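Which chain is which? They are A, B, C and D, in the order written, and residues in each are numbered from 1.
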Amino acid sequence: MPNAIKPWVFTASCPSKLGTVDVVTRYMAEAGNYVDEIHSFDDRVSKRFFIRIEFQPTEADFSAEKFDAAFGPRASEFEMEWELTEPEHRPRVAILVSKYDHCLNDLLYRHRTGQLNIEIPVIISNHPDLEHLAEWHGIPYYHLPITPDTKPEQEAEIVKLLEQYDIELVVLARYMQVLSPWMCEQLNGKAINIHHSLLPGFKGARPYHQAWEKGVKMVGATAHYVNNDLDEGPIITQGIQTVDHAFYPEDLISKGQDVERVTLFNAIRYHIEKRVFLNEGRTVVFSS
Amino acid sequence: MPNAIKPWVFTASCPSKLGTVDVVTRYMAEAGNYVDEIHSFDDRVSKRFFIRIEFQPTEADFSAEKFDAAFGPRASEFEMEWELTEPEHRPRVAILVSKYDHCLNDLLYRHRTGQLNIEIPVIISNHPDLEHLAEWHGIPYYHLPITPDTKPEQEAEIVKLLEQYDIELVVLARYMQVLSPWMCEQLNGKAINIHHSLLPGFKGARPYHQAWEKGVKMVGATAHYVNNDLDEGPIITQGIQTVDHAFYPEDLISKGQDVERVTLFNAIRYHIEKRVFLNEGRTVVFSS
Amino acid sequence: MPNAIKPWVFTASCPSKLGTVDVVTRYMAEAGNYVDEIHSFDDRVSKRFFIRIEFQPTEADFSAEKFDAAFGPRASEFEMEWELTEPEHRPRVAILVSKYDHCLNDLLYRHRTGQLNIEIPVIISNHPDLEHLAEWHGIPYYHLPITPDTKPEQEAEIVKLLEQYDIELVVLARYMQVLSPWMCEQLNGKAINIHHSLLPGFKGARPYHQAWEKGVKMVGATAHYVNNDLDEGPIITQGIQTVDHAFYPEDLISKGQDVERVTLFNAIRYHIEKRVFLNEGRTVVFSS
Amino acid sequence: MPNAIKPWVFTASCPSKLGTVDVVTRYMAEAGNYVDEIHSFDDRVSKRFFIRIEFQPTEADFSAEKFDAAFGPRASEFEMEWELTEPEHRPRVAILVSKYDHCLNDLLYRHRTGQLNIEIPVIISNHPDLEHLAEWHGIPYYHLPITPDTKPEQEAEIVKLLEQYDIELVVLARYMQVLSPWMCEQLNGKAINIHHSLLPGFKGARPYHQAWEKGVKMVGATAHYVNNDLDEGPIITQGIQTVDHAFYPEDLISKGQDVERVTLFNAIRYHIEKRVFLNEGRTVVFSS
């Protein structure tokens, strides 16, 4: 069986128009880029086109710059926003946590074993509790306590750290703090949050307690992009678990953690593999 | 392999107290009732006890009357509400529908093949559309049109039919009408509704359109008892289905129907097998 | 929200080669065919390329013949096997059954309500039991009894009927007969069977009894193409259901029927929507 | 909401007979033991009775010895095998691993956070690779290399370690070695193995490669007791994952690990919570 070769990934979106596919695929063929996989979708409501291609260059002189120079002008005619991601690219991801460690532990494990192809240059928390985990993995850990009064300063410090460490993606791995509008603005579109309910059910605090009160028979988790509206950001993926009458709130919390961590992992994986596109408050996800 | 023998079912609930199990199981043993299966649960929050037993009488002179006379006094000491269901019991179920036939068709099929051990003496609808289905199965079909003005009369007619046909359980198989408080009162605790969302998410009208707007990645269905508060009755069971960006509202509707019909069937089965207990706005369900 | 328009579907496969995508998508653009959705996959093991496109013609003089004449020569260079399916195409499907009606009932329901966009011109069975179902739906029903001695004649009669009714796809909806090698040859690649286990576990007869013996905690169903090797044809899709110790074989049979019918329906839908490709004993399925 | 109190657990099995329930529940009531939950099941094929009770003593002088002395004689009449497990009991579990760390990492995480209420006094491996994990958790790690020649000695050493560390349960967390009949005998009924397929499908080596060859659309994992027959021990629980044509064997391996670790965790939890009973080569599992 031939070995897997990690492919380049091309992604693009633009207003719907005849020829959107062809402008991309024709260039691929002309440039000698071998296509492994295509997904495209044209949304008849938002009237936007989305495409994701995995390919392998066959020309010796292939380079991102050359691609850019040759394809760029063609893309402009379609008002296309596009991105080329090289096989070796490992996005720099900051993880924000509070006291719960189930998501952090899971992400660090998958990072360590190569299942999650990212750099984690920094972990930030409003509590000192999880420093030992960061330490064992050799990752700098910043403990930035927060009070209602110090929130603006603390958030500014976080944003400074994100710049300092050149962060592409922020993961709120059960960070448990309501972000200020200013902070949401800073993170808009480049942060993923895990909410411990099947949104839009049970927004806000203590969703498992809310779920218990309602006597639901399923609890879930939702990974979504952070935007200006708390728990309302575009949903990337959701997970679910069946429960019954014998689950008290503490049991829902414990059981739900398995769903939360897998759901968050899937969302991050989709994001870094460039499978997720924003589409007017919703997402297009070419999952695998 | 020995043949299956349909068992008697004993169910009970009462305030939590030492000895609740023993008062039941001791009588079972003394009366020569062979126990196939027990589930019991004592809710530490509501402080109520719930038990369900499948058993087979071994004494030739066993009868419900004898059971009643002998066990009744013992139960009283525990303020126990209890019920004995004989193997041959087939509850008389009325089905209320509107125009959608996916739930009705499924229930009639399962009824016809013996998967659903009920009588269906009557089908009632505010539209004439599904009469042919009722006819093929030889079931009387009442078309009772409804307008805002005639709602009280129409509901009164329905209630009269339920009495006339000696109905134990009413199934709202996508009946699509908001019931009046008076009607809710009439049906309280003896009617099961299927709502086409994972409640409490997407209450009210057009839940699939709401779900599409939010860009959710899962849609579901909820079967619940009817009470005075629309879409707020105690949940019996829920079902779920994964969806993606390529599902427009009409696709969510079509896909969701498979979840709705299975979820409604499960709820009815649990109910008639006496697996469901009310527990302060929630339910205890000894599912199988 | 703009209305859905049923699209044309283009599918193709050919040996892997640079330019396979471009030859298709370039033609689409040149011919004014608006692309709604593309899935393509290039299998690095079998070294074959697969593509499926949903599109809408925008040129007034579009026709399948024109497409054929213009695209045909381009396809030849790539040794491409391709197919164009028009929006109105309703494949003519024959259903073969025995005595179990759960799959047949489900397919007829979905056929009647338009969920399954096919013609069902004929139902064939080795038993008379399900004739009433066929009759209610106004479909000719042929009762062709079979004994070990009459098998060759019976199978020949079936094949004659398939020709007479101009059948494109045969669905074995729990037909329960082992087909002769000759019959398998006749049906090769154009018949879908539902097997009531998660193949390759529990091949052959009475899979639910086998599953019960092994004490498995999940039972499933497998929809696959019929080929020369019993229960070994290429798998299209599979379904699963959790069970426990309280399920006797008859309970597994009853519970399994829900999985069987949904799994068979999904396989047929994938097939008629041209989502399934043969790939060296396995399948590529661009599911939705 | 009242706090959770960890209950005592009583479990028993015996030949089917009238009064099996009563002999247990009557004693519970007489001894002042408050019953939180009962599950019982009487298997009409194996003709054995199984029961599990969670209870809280209310008498100040309650003790296991007193229970034993009082209940023992009553149990004897029913040839009942029974066991009393105290709330504080933390079974001593040895984990055997090879080179894969996904199951080990998961178990150590759940152990550390209290989700898995066990002691892990020792980890044993035929490879040195995972020592760092053991070290970080402060658990002794024995590296016992194995060759076809040294297998008897190596297995004897393992058994010596199990005795030395007073081990109740052995977990084969992807140990990847075929055990000798002697070793199977030693571990019979007190070891849990995780097999990376949905048994009985894909027994033996490289199940994910076998699954890929067959083109299956679902892969799974099976946790089972070790007995004398490789991959044939009684199944405790199974997990499943949907896959498609784009999964090469290495992808199946990677994806399957999430199912393996959750399935193994569930099996261990069921076992230590005394929810699993052997029943003639199958199991009764009162899951929650």
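As a convention for this text, contacts are C-beta pairs under 8 Å (C-beta built on N, C-alpha and C of every residue); 3 or more make two chains touch, one makes a residue touch a chain.
Predicted, not measured: the structure shown is a model, and the values here were computed from it.
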**Study point:** Chain separated most widely from chain A, comparing mean CA positions
**Key:** B
Point to revise | Fraction-based call for chain D against chain B, same above half, different below | key: same
Study note, to complete from the structure: Rounded to the nearest Å, the gap separating the Cα centres of chain B and chain D is 36
Check your understanding: Distance-wise, how many Å sit between the C-alpha centres of chain C and chain D, to the nearest whole number?
Key -> 41
Exercise for review: Mark out which residues of chain D touch at least two other chains, giving numbers and ranges.
Suggested key: 1, 4, 37, 41, 44-45, 244, 246, 248
Review point. Of all residues in chain A, which touch chain D in the complex?
Key: 1, 4, 37, 101-102, 105, 109, 113, 115, 136, 244, 246, 248-250, 254, 258, 262, 288
Review point. Can you name the residues of chain D that touch chain B in the complex?
Key: 1-2, 4, 18-22, 25-26, 28-30, 32, 34-42, 44-45, 51, 58
Point to revise | Residues on chain B engaged by chain A in the complex (per definition of touch) | key: 41, 43-45, 198-202, 214-218, 220, 234-238, 240, 244-246, 248, 279, 281-285, 287
